[in-house]
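Below are two complexes that have chain A in common, paired first with chain B and then with chain C.
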Partner chain A sequence: MKLIAKKAILPLIAFGLALFVGGLVIGFTDSRVLSKIGSPISFLKIFASTVGNAYLALFQGAIYDPNLVEGHSFLTGFYPLSQTVVNAAPLMLCGLSVAIAFKAGLFNIGAQGQFIFGAIGASYVGFHYELPIFLHVVVAITAAIILSALWGGFVGLLKAKTGAHEVIVTIMLNYIAANFLLWILGTSTFLRPGRLDPLAPPVKDTARLPRLFGDNYSVNVGIFISIVVAFLFWLLLNRSTWGFKTRAVGANSSAARTAGISVQRITIGTMLIAGGLSGLAGAIHVLGFQYELTSDTAGSFGFDAITVALLGRGGPVGVVLASLLFAGLRVGGTTMQANVQVPVEIVLVIQALVVLFIAAPGLITRYIKIKNLESGQEMASKGWNG
Partner chain B sequence: MKNNQVISVLAKKRSRNLKIMLALTLISFVLFAYLPGESQDVTFNFVLGDEWVIIQSWVIGSKIGAYSFSALSALFLVFAFLQARKGNKLGVSALAYCLSVFIAFMCWAAAGAAISVTGLLQGGLFLAIPLVFGSLSGLICERSGVINIAIEGQLLAGAFAAGVVGSLTQNSWAGLLVAPLAGALISLLLATFAIKYAVDQVILGFVINVLVIGLTSFASQRILTTDAARWNSSPIFSTIQIPILSKIPLVGPIFFSQTIIVYMLYVIVAIIQVTLFKSKWGLRMRAVGELPVAAESVGIDVNKVRFRNVLIAGLVAGLGGAFFTVGSSGAFSRQMTAGMGFIALAALIFGKWTPLGAVAAALLFGFADQLRTVLSITGTPIPSEFMVMVPYIVTIIAVSGFVGKVRAPASDGIPYKRGGSH
Partner chain C sequence: MKNTFRVVAALAAATLIVGVTTMPAATAAVKTKACLALDTGGVDDKSFNASSWAGAVKVKSSSISVEYLPAASSADFAGNIKKFVDNKCTIIIGVGFAISGAIITSAKANPGISYAVVDDGAYDCNADYSVCNPVANVKGLTFATQEAAFLAGYVAAGYSKTGIVATYGGAPYPTVTCFMSGYKQGVDYFNTVKKKSVKVLGWDGKNGEFIGDFGNTTKALATSKAFEQAGADVIMPVAGGLAAQTAQNSMTSKKSVTIWVDTDGYVSANQYKSVLLTSVMKGLGEAVGSVITDVSKGKFTNTSYVGTLANKGTKIATYHDLAKKVPSKIQNEVRAIAADIVSGKIKVKP
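Moving on to the complex of A and B:
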């Protein structure tokens, strides 16, 4: 318990600070607030109420909204939470994808592209084949994982064989994947009959992930799959030889090589798994929530995943919590924009600030004394040639 | 002994290049010339504005054109082969070769259509301008030993600042003045965290991009769109025709009929190319990027040099950002840099971390992008999505070492501690 508290304190302070700075940005860009700048007391009042209302709307959009209850059971108010959890599942898996690469000393910026290939695979199996109910989901997910693992593994292969830096390669592959998706959506195989816009046919009912609380709540078994995978992630890294080797390579690849560990195999293997994890995320998003492949299916999951992995400090528990937090911010942000006209992009600012504060513990500890602080090892610097 | 090895590696590379060229020529013959059904006319127009006219336009049958230029490429291939036998560099003959294959390609891709050659090149340069600025910013950072993934953020900040200030003052010069400062502000963030707090520079650059995208999009939604007339309608620079030079066919309309930002770019490219290799500033930059321990041993304050150079890089990229607003459209829109910062990074890498290489790569990428637009209008057998991928694919090929060895400055991305313990 103490250990968890120790690990959580820096992220919590960072999140608090980020919310504070985000509040300043919201307040100082509001015309009603600025019009009161002459009188300090009413200025502070309206400042606080503007920011408070924005964050309240954010909360209502992410977790519980009493306005939804009217005439229904109080449970109806949890509709936003269901949305948050639905979005957290793919984010969690992508976060684990980035995190596992971190463990091997690799920076996987390519979760976005891997997600796209997973989504393509799951969508194709989902709409093209007629299969029995349970099997269909399994086949679709398997197809997604294989496609995306190959896409991710290619990065590992290049890195291992030629030394091509994974950051550059994954950035480029993300763009290639996005354009590939645009192209494939326009092909006759993927074009929905009777439509001309980039939209694949809907996934068949047999391939959809079952919902947990009836049709009104979109939360589905995807979240369970994600949490089980997070547990497997922990098991693999901490209780297997392969995981030990991976951590050894991540900590010091030349020492690992001297100890007889094949760095090449670990690099390729890690990127295969990382790709597969992001691909699984794509499958869960398509089969569990969207039910169809569009040009915007991947949203920004793959990019948010990087902040998730960083906030989660690369560990499975951290990633699970961080993905719930960021999914909540995303979902709530949309409500905030609709209700109090504060643009959802403030969420990006908060995300970036959280990571920035965590990445530089020196910045916070300069002003706040924290006992026994665990510094962010996963953010130790390496060069292009490293 | 060692010299011989170097020569044999070069010879190997050359013979591989020749094989690739041979394969391309064969593809050109089969795909562009032999396979297409009937021949259609292709029109190449050369005149855009009021420049002096030498050739108005040139019409050729698509099949005959593809055949003749494929044959021409075969001829240059033979030249290149003879050059390689003599142990000379392939430079000029390889360039002529590429041009021939490209024209053969155009005959095929634009069959039955009219292509404005001057317009194509002009548009290519236009699209390349932010890339050049961005890649030069990356160059200054990375040659100093700090990885710059935040080019996108610097460009975006410059674009935003120039647009807003230009609108508020209704003066494009004011916008142009502020843009570099905005870029430098982002650099300040990068330098502080990278150098002072030794945060991983790739992660840092990524996060800074998210921050800038978030802030500018937020402000754009919340302020700029509410009163666009006041906040988001900057006057733009008009093109300046350089007397005489702008009248030269082909070259004039492309290079000498541009806005002030582009002319500034020419100057900046020249300055960086010269100073990087010929001045004390450039020598120090390369020293702290390659071997900071050695630099410190002769009394150079490594981190101070790095900090200053990262700021300078921000000035350059910020100025490039101004091109998006006061340089072309006048209004800022969310994420208007659209990933160009990353293509600029690709250009830097493809150009092997040299100024002229980066500029050439940026021009190539800009040209490829314009070609895609042009061909998607005229209609072409290649899906435009695949044409978009070209810069990304060549970058992956480049970093994988298929086109010579691409090597970053040795200490790029590694924070320096006094005394050289890393």
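Moving on to the complex of A and C:
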């Protein structure tokens, strides 16, 4: 417990600081606030109320909104939390995908492309085949994992056999995946009958992930799958020979090679798993939330995942919490704009600030002494020439 | 340093709490709350999101409030609309045909709220779109832009020295192809009347030249150059912001002129004014504005709005700086043709 608290203190301070700076941005970019700049008292008053209400709306949009209750059970107010959790699940899996590559000293920028292939696989099985209720989900998810694992494993193969840098390769493969998706949505197999725009048919009811609390809340079993996967991630890395080897390669691949570990095999294996994890995310998004494949299905999950993995410091618990935080910010941002007209883009500023303070721990530790702070020396990734 | 930090943190927290508790009283009773659920691309897309929002802002008044939510991807549509329902919007307007499905689902669940969809008829269709019915509280806002594009095609044919004009689209959506189709029909009409044989590149009546999306500037530029090499001296890009590439190319090559679409390019893309022959305008903003005012006056109906030459929902812009290069005979004929389209004497297919 103490260990977790120690690990959490830096991210928490970073988040607090990000909210503080974000608050300044909200205040100083609001025309209503700036119009009062002449009189200090009313300026401060409106500044505080603008920022306070923006963050209140952010909270209401991400966790609990009493305005939704009105005549219903108080539980109705948890609708935003359900949205947060639904969005967190794919982010979590993509984050784990990036994190597992970190452990082997690899930088997986390709979660976006792997997500796309997972989404394609899940969508195709979901709308094309007629299968019994439980089996359909399993087959769709399996198809997604296989497709995306191959897509990710291909990168590992290139890296292992030819030394092609995985950063370049994954970035380029993201473009190929995105354009492949656009193309395949235009083919007669994926085009929804009667439509001309890139939109696949909806996945059949039997392939949809069951919802946990009835039709009004979109939260589904996807979150359980994600958390179980996060646990397996920990088990694999810390309680298996393969995980030990992976960490050894990540720490120092030359030493690992000298010790008789096949770096090539670990590289390929890690990228296979990384691909599969992102693909599972795509499947959960399509089968659990969107129910149809569109050209922008992947949103920015694959890219946000890099941030999530960094913020979570590459560990499963960290990634789970970081993805919940990011999903909450994103979902809450909509309410912030709808309720108090503070642009949802502010959320991106806050997210970026969190990363800035995390990635540069010196910024914080230089000014704030934290007792027993676990030093930021444990590198999440070895970067470019690792 | 540590103490300073604590003081700052405490101050910030206190400010927030004070801020929330001194929440200003709600603004004076607004009767109509118009809420726009935008398509992806953002509110500043210089295209249909921007035009629709501008139209809403224009009718804002003491009794009408307007707000919007952007969408990062199509997965946001349903959530944004639900947010508006929770916030008790009087009318919810979905921008773009892609959001139509989400609007209809929400409309059927909330019969007390009025809805509108920009660029879609907003019909409730079955799985394979063979049966479509109107929904009682949803109004579709569509545009017969082929009518104005017909005029643009006629102007292009009359202006062309090489006898070759061109068009290309962003993607083969009906809202794009209707421009291209009208354009070709206008050229064909010119050929019939004048016994000429002006050729249209990029649209053969069924298929045409498409970029694939609305963001690939490289391909848009390459396509424009290819058209010029094939001899085209008028190009009409129907691809949102990509039109800028074509206009820029016209300026550097001096071999072609550009026909702008959606807005009057002379106003919205003034830096290209020297090469803009005309613009095929689509009155998105006016349509959005009028549906909001209808709601505020209690006159909302679900009858689809179709912008035509007759109701000025679509039109071509004046020739501005190039007016001298368009023969006055052609200018007069265009006016006569417009009257014929309005009266139904000339029929333009989408």
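Keep this in mind: the second predicted complex is superposed on the first by the 374 of 386 C-alpha atoms of A that agree within 3 Å, B and C clash if a C-alpha of one lies under 4 Å from a C-alpha of the other, contacts with A are read in each partner's own complex, and residues count from 1 in each chain.
In this section, a contact is a pair of C-beta atoms (placed from the backbone, for glycine too) under 8 Å apart; a residue touches a chain by one contact, two chains touch by 3 or more.
From a predicted model like this one, the values you see are computed outputs, not experimental measurements.
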For this session: Mind working out whether A:L182 is in touch with chain B, chain C, both or neither, as first, second, both or neither?
Result: both
Exercise. In the superposed arrangement, which partner chain does A:N67 touch: chain B (first), chain C (second), both, or neither?
Worked result: second
Exercise. After superposition on the shared chain, which partner residues are touched by A:T29: those of chain B (first), chain C (second), both, or neither?
Worked result: first
For this session: Determine, under the contact definition given at the top, whether A:K45 touches first (chain B), second (chain C), both, or neither.
Result: second
Exercise. If you stack the two complexes on chain A, which partner ends up touching A:A338: first (chain B), second (chain C), both, or neither?
Worked result: second
For this session: Give one of first, second, both or neither to describe whether A:V349 is in contact with chain B, with chain C, with both, or with none.
Result: first
For this session: Using the touch definition from the top, say if A:T270 reaches chain B (first), chain C (second), both or neither.
Result: neither
Exercise. Do chain B and chain C land on any of the same chain A residues, and which?
Worked result: 179, 182, 341
For this session: Flag every residue of chain B that touches chain A in the complex, lowest number first.
Result: 142, 147, 149, 193, 196-204, 206-208, 210-211, 213-215, 217-219, 221-223, 226, 334, 339, 342, 345-346, 349, 383, 385-386, 388-389, 392-393, 395-396, 399-401, 407-408, 410-415
Exercise. Residues of chain A touching chain C in their complex?
Worked result: 16, 20, 23, 45-53, 55-56, 61, 65, 67-68, 83, 179, 182, 193-199, 201, 285, 289-290, 294-300, 330-331, 334-335, 337-339, 341, 344, 367-369
Problem set entry | chain B partner contacts - residues on chain A that touch it in the complex | 25, 29-31, 107, 109, 158, 162-165, 167-169, 171-173, 175-176, 179-180, 182-183, 186, 303, 306-307, 310, 341-343, 345-349, 351-353, 355-356, 359-360, 362-363, 379-386
For this session: Sort out for me which residues of chain C touch chain A in the complex.
Result: 1-2, 4-5, 8-9, 12, 15-20, 22-24, 35, 40, 67, 69-70, 72-76, 79-80, 83-84, 86-87, 97-98, 125, 127-130, 171-174, 212-213
